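What follows is a set of structures for review.
Both complexes below contain chain A, partnered by chain B and then by chain C.
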Partner chain A sequence: MRKPIVSPRLAASPRLAAFTLLGGLGAGLLISALFLLTQGLGLSDLASQFLGYTFTDPEGLDQTLTRAIPLILVGLSVAVCLRVKFWNIGVEGQLWAGAMAATAMPLYHIGPEPLHLWIMCVAAMLGGGVWCGVCALARLRLRANEVVTTLLMNYVAYMLAQQLLYGAWRNPEDSFPVSRSFSPDECLALLGFGHVHAGIFFALGAALFCWWLCSLSRVGYMARAVAANPLAARAVGVPAGAVVLLMATLGGALSGLAGFTIVSGEEHKLTQFIGNDFIFPSIVIAYLARTSPLGVVVAAVAVAALYTAGDSLKAFYQLPGATVLTIQAILLLCVCCGEFLLRYRVDWVKTAKAAA
Partner chain B sequence: MEHELPRVQRERLDEIIVPAVRLSGVEKSFGSRPALLGANFALEWGEVHALLGENGAGKSTLMNVLAGFYTADAGTLEVDGHAARFETPAAAAAAGIGMVHQHFKLVGPLSVLENIRLACARRAGWKSKAEALAAMQKLGGELGFHLNPQARVDEMAVSDQQKLEIMKVLLAGARILILDEPTAVLTEEEARAALGLARTLARGGRVVVLITHKLRDVLGFSDRVTVMRAGRTVIDAAPAAGMTAASLSEAMVGVTTQATVAPRTPHKLKPDMLCVMALSAPASAHGVALRDISLNVRGGEIFGLAGIGGNGQAELVEALIGIRPLSGGNILFDGVDAPPTPEARREAGLRYIPANRMGMGLFGELSLAVNIALPRLLGRQAERKWLVRRGWMNQLARDAIGDYEVAGAAPELPVRLLSGGNAQKLMLAREFAGDMSVLVAHSPTRGLDIRAVQAVQARLRAAAEGGVAVLLISEDLDEIMELSDRVAVMSHGRISPAEPVEQVDRARIGRLMLELH
Partner chain C sequence: MIPSLLAAWAATIPSFAAPFLLATVGLIINERAGVMNLGAEGIMAVAAVTAVLINLGGGGAGVSLLGGVAAGLALSAVFAVMAVLLRVDQVLAGLVTFALGIGISGYVGDGSENQTISGISQLPAGAFTWAPKPLTGVLDQDVLTYAAFAAAILVWYVIEHTALGLRLRAVGEDAPAADAAGVNVAVYRAGAVLAGGVLCAVAGAHLSLVGSHLWVNGMVAGRGWIAVAMVTLARWNALRAIAAALLFGAIQALVPQLLSSGLNVPVYFIEMSPYLATLAYLVLAGMFAKGADAQPVDLGRPYLREERR
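On to the complex of A and B.
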């Protein structure tokens, strides 16, 4: 008779770490494919939707890359915060805060005209940074759990945006609940490939910056220390509070930047729908990337491709929008299971029939 | 159940001949690392049996095999003369074997009775809370102590938590009781009480195994002793009466360790490097308040602060490092006010060795290289700020491993995989780097084996001889007397005036503790 015995691994090799991640992803994709097959899709449809349309068709690739820009930024936001074990569940609120701050600049004519775009960018980062930084301060000073505060701050930002769109910022020309359109020099330039705009450089630049910060600068090592053992970090002389505040504020600023790329690069105005559906994907992306900033870029593009495929599934096969969320959830669960195998070893042990 | 009757009869017939437990030729390795290389072990009913060995000798591994936590790779196990093999702790418990681990397995926020019901209700067959309570009180009467069944476990003293663990194991039906390092977390007085309890249990017909590396536990309280070294049994169940401290430590280490202490090289003392004036700090939950503490440590001397743990020592260390807010008083380094933050104090030359290495010192999940390099990345004088290369960190780690003889180490290895002694050497390597002027060392040798103790003590001496002001806080009186130039006593958050070590002895220290009440 054999039975499984689960025991913790002392130290896992990097090869095993890569293997469990890829294995988890592979299993997730397989289960997702089976799920879609049960929804009435054929095998050839799957291949053409997921590989053909999302990556080789210019229209699909355009949609994927455009969508990837804010996804990279919100993924980085969660990943950077996780580096100090700060659970940022509030990327939507920070994104709204960034978008509102960016929109306020041209609406109130703040700063010289030629610099408007840059002022909007900085304002968005400040807005998002404050939105998340406040939650970090509340954790440090009042021991308020950031999972709760960042989550609730989502609603505050959303309601504030509704208040402005139905009030002071309502479009004066047609009374629709959107802000006035930005002038061309307040918009991010298109790059000549569909809707892809200059925001992609902001996203890639942010990823490079985060990689440098986390892996090469001393701040990254201080963050590791704070995450691994806050008390020891404090005793050794790591300014632990400052490090948490810095990383959380940076995380918020990245989400704020995502808001800026949406209003300035995609919508060219503040609308009611810019900040929906980012919380769950941001966590999936950070998790799939195991909080590696460069990994976030890859994971965000993959998740964006999933959305592209989901849109066409919706259009051509009448599958509900929740299909994409379901697939994301399947992937996340499978990667989590992979993580379990990384931490624990399962041995099949032969048991002697009777002990006596 | 069919075996039950014959076994009982057999026991009556051969009570003296059949050993309670016999382990022979047990082998066990973890990955490629062998922990046991053919170990033997035998227990008889009614004895206290000490299992002695250095850190990493295989004592705990062997007992984990007996208690069903590990399965042996090779070897045989007999309980009461019957071959047995335990795949799970539950199977071992059903055979009457119970283990109290060094780190207690209790649920902190639950009460004493709840913990007992959680662990034993099914095996003891209790249907109600009242039954469990009655069983607990009956056992308490038998053992001669009573725990408040409603007390929250995480608010109890460590010694009471240990008693609860013992009760738990006994109520689950254990007749063979394994205590892993039972005295490591206890004060002198509590340790004697715990060892006395072990004798009571054994005299009642059970077997008690003491896993220990303290000679005192063996010589004063055990009937027989087994000594292990490097995965093998070197003394197999010999009567403790015929043993001496020297013969035991020789068996443990393999060579006779130097009993005499090298005399201190005389050196010049510098002025006060650390000066604490009327320091007070409020108590945190379950902690001790610091009350009007004054002391001064000169450069080049070791100032020994004796006292039983939990009397404000940890709080004093935290106040000196700068992570505990003060309510009054001053700390001066070399005649000037100590800076307020831990990072600035480190830059000013303060170093520390905490009593709880993995809690307040090292980062178990991070690599040796990061642990070693981290302090050099802090503050305005950081060696690296914008570009921290892995190669540079690994080189620092390799140098530290070489200089401090950290065994079984590599730069990329997570620190939690190091044994206690090697982790402490790493701690020293990190703290002694750079310009050190004041060292606060709290129980720096606790839990270490003889060779690691000697290595750490030699480093402390060398630091003092190099002009560092060393504040040595320890519960180990021998250590205090051996290393210190001046001695003070800490109790209830206060300290006594310092006296030269020549003027104090154990009795005097005891009196000083009483005077502080």
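On to the complex of A and C.
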């Protein structure tokens, strides 16, 4: 008889880390591909849909990049919060809060006209930041579990937006539940490539800033200490609470910024459905990127490509819309199960009975 | 007009509350053993769609319910393997379970949306003619709704008053101590996940078999997430979960009544109120250090004997 003994690894080699991540991704992709093959797709269909259309076809690339803009920002949001072990599963609420704050500025004529775009941007970051910051504050001062509070704040923001769209903000011209359209100087400029708008600079800039913050700045260093051991960090003088609050507020602000890029860059008004389906992708992106801000950009573009491919699979092969979510779930499942081998060592030991 | 409106409202509350109650009680079993399961939404969805598919295929109400439970159990087993065996972060494992459940249910239910099923109907009319008049509407429910309330009481009794429940709580409060006392932590946690998964699955089946009598993609509509929050509101106690479920059920049942009455009310603010109530509860409980202690100490912490804490 042999019995498995599981013991934690004190340190894992980078090679093993890369191996488990790639192995997990590979296994996930293989399962997803097999799953799609059973749905009547050929291998060449898969290649042309997932690699050809999404990256080389101008229309597909346009769709992928446009979709990647908010995905980068919400992915960064989760990643920054995870840096201090704060689970932000409220990116949708923060996105709605940001979108509402941004929309309120032109609707109520706040600030001088030429600065409208920047005022909207700042308002969105404030809205999202507050939406997540209060949850961090509740965890620090009231010991309220942030998983529950950020989750609940999603619904509060969503319902608030619906109430506004059916009430005070309803389009006066046609009574549809959307806000009035923004004027051109309240919209992010198109870059001359399909629907891709200037929001992509915000997203990439935010990724660079987060990289600087997490890897080079003092705050990032303190965040690592807090994540490793909050008590020890506090004992050596790191303001642990302030660091958590700062990172969580920044995370919320990034999601709020995502809301701004959607209303100002894509929709040019506040609509009913801007904030759907962001929670799980944001987690997938942050996790696959190992919370590295630059990795988030790569992961977000990959997930955006998955959505592009999903849309065309839906159109040409009548695959249900749930396909993309299922594939993301399978990928994350494989990667996080693969991590077991990274974090633990399994030894098969002879039991006493067998040895005797 | 007002009394009849109130009676109609009260009569719909139990069937609105039952899925919340079942899922919340299921999650209480999970969390008392120290496992936070965010996958309830997904488990409910696969159970709801499986029950509908079996019912459409000619299966009876009982078989459909069992099929839904089996599907929910299978997904819970995936979660148990991740969270208990492989010690994946429970939040992450729960989110994967959620997405897997929603994705798979959307997939298999794709061709069967909006097809009406027979489902489970209410108990024979006139069964409660003995009851005083205002109560007959409230009592006139289906078997599954009654079972939900019975299950809550049963789970409360088992957790609080039996040796099994004591060991379950020990695993959730202090896994190393429970282990030292000879309780197999992994077995208890996996068992709690599966038992809780059964209740979440019944909640999902209730939605389709009793509530809507059909499957629509996304019909669980966040109820599984609400259940996660309701566990806090119920302070990890299955009896208090009844009160919490009735609160959420009452508000959800109020919305269609208000809409049909044609009154001009801010519907979304009313729908928002239970979420705000839960948040307010969290704030108040934290400020007065009450209820915060009700959270199992080892909630969310994977346990490994070989790992030092």
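Throughout what follows, the second predicted complex is superposed on the first by the 340 of 356 C-alpha atoms of A that agree within 3 Å, B and C clash if a C-alpha of one lies under 4 Å from a C-alpha of the other, contacts with A are read in each partner's own complex, and residues count from 1 in each chain.
The criterion applied here is as follows: a contact is a pair of C-beta atoms (placed from the backbone, for glycine too) under 8 Å apart; a residue touches a chain by one contact, two chains touch by 3 or more.
Please read all numbers here as calculations on a predicted model, not as lab measurements.
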Chain C versus chain B on the shared chain A, clash or fit after superposition: clash
Chain B versus chain C as contact partner of A:283, first or second or both or neither: second
Partner chain in contact with A:183 - chain B first, chain C second, else both or neither: neither
Contacts of A:328 with chain B and chain C, given as first, second, both or neither: second
Which of chain B and chain C A:11 touches, first, second, both or neither: first
Which superposed partner A:221 touches (first chain B, second chain C, both, neither): first
Chain B versus chain C as contact partner of A:238, first or second or both or neither: first
Chain C versus chain B, contacts on chain A by residue: C
Chain B versus chain C as contact partner of A:349, first or second or both or neither: first
Touching partner for A:229 - first (chain B), second (chain C), both, neither: first
Touched partner set for A:56, first chain B, second chain C, both or neither: neither
Shared chain A surface residues [contacts with chain B and with chain C]: 5
Chain A-touching residues of chain C, taken from the complex the two chains share: 36, 38, 78, 81-82, 86-89, 91-93, 95-96, 98-100, 102-107, 110, 217, 222, 225, 228-229, 232, 266-269, 271-272, 275-276, 278-279, 282-283, 285-287, 292, 295, 304, 306-307
Touching residues (chain side chain B, partner chain A) in the complex: 3, 30-31, 71, 82-87, 91, 95, 318, 321, 323, 341-347, 352, 354, 358-366, 370, 373-375, 377-379, 382, 384-388, 413-414, 417
Touching residues on chain A, where the partner in the complex is chain C: 5-8, 87, 89, 138, 141-145, 147-149, 151-153, 155-156, 159-160, 162-163, 166-167, 279-280, 283, 287, 320-323, 325-330, 332-333, 336-337, 339-340, 343-344
Interfacial residue positions of chain A with respect to chain B in the complex: 3, 5, 10-11, 216-218, 220-222, 224-225, 228-229, 231-239, 349, 351-352, 355-356
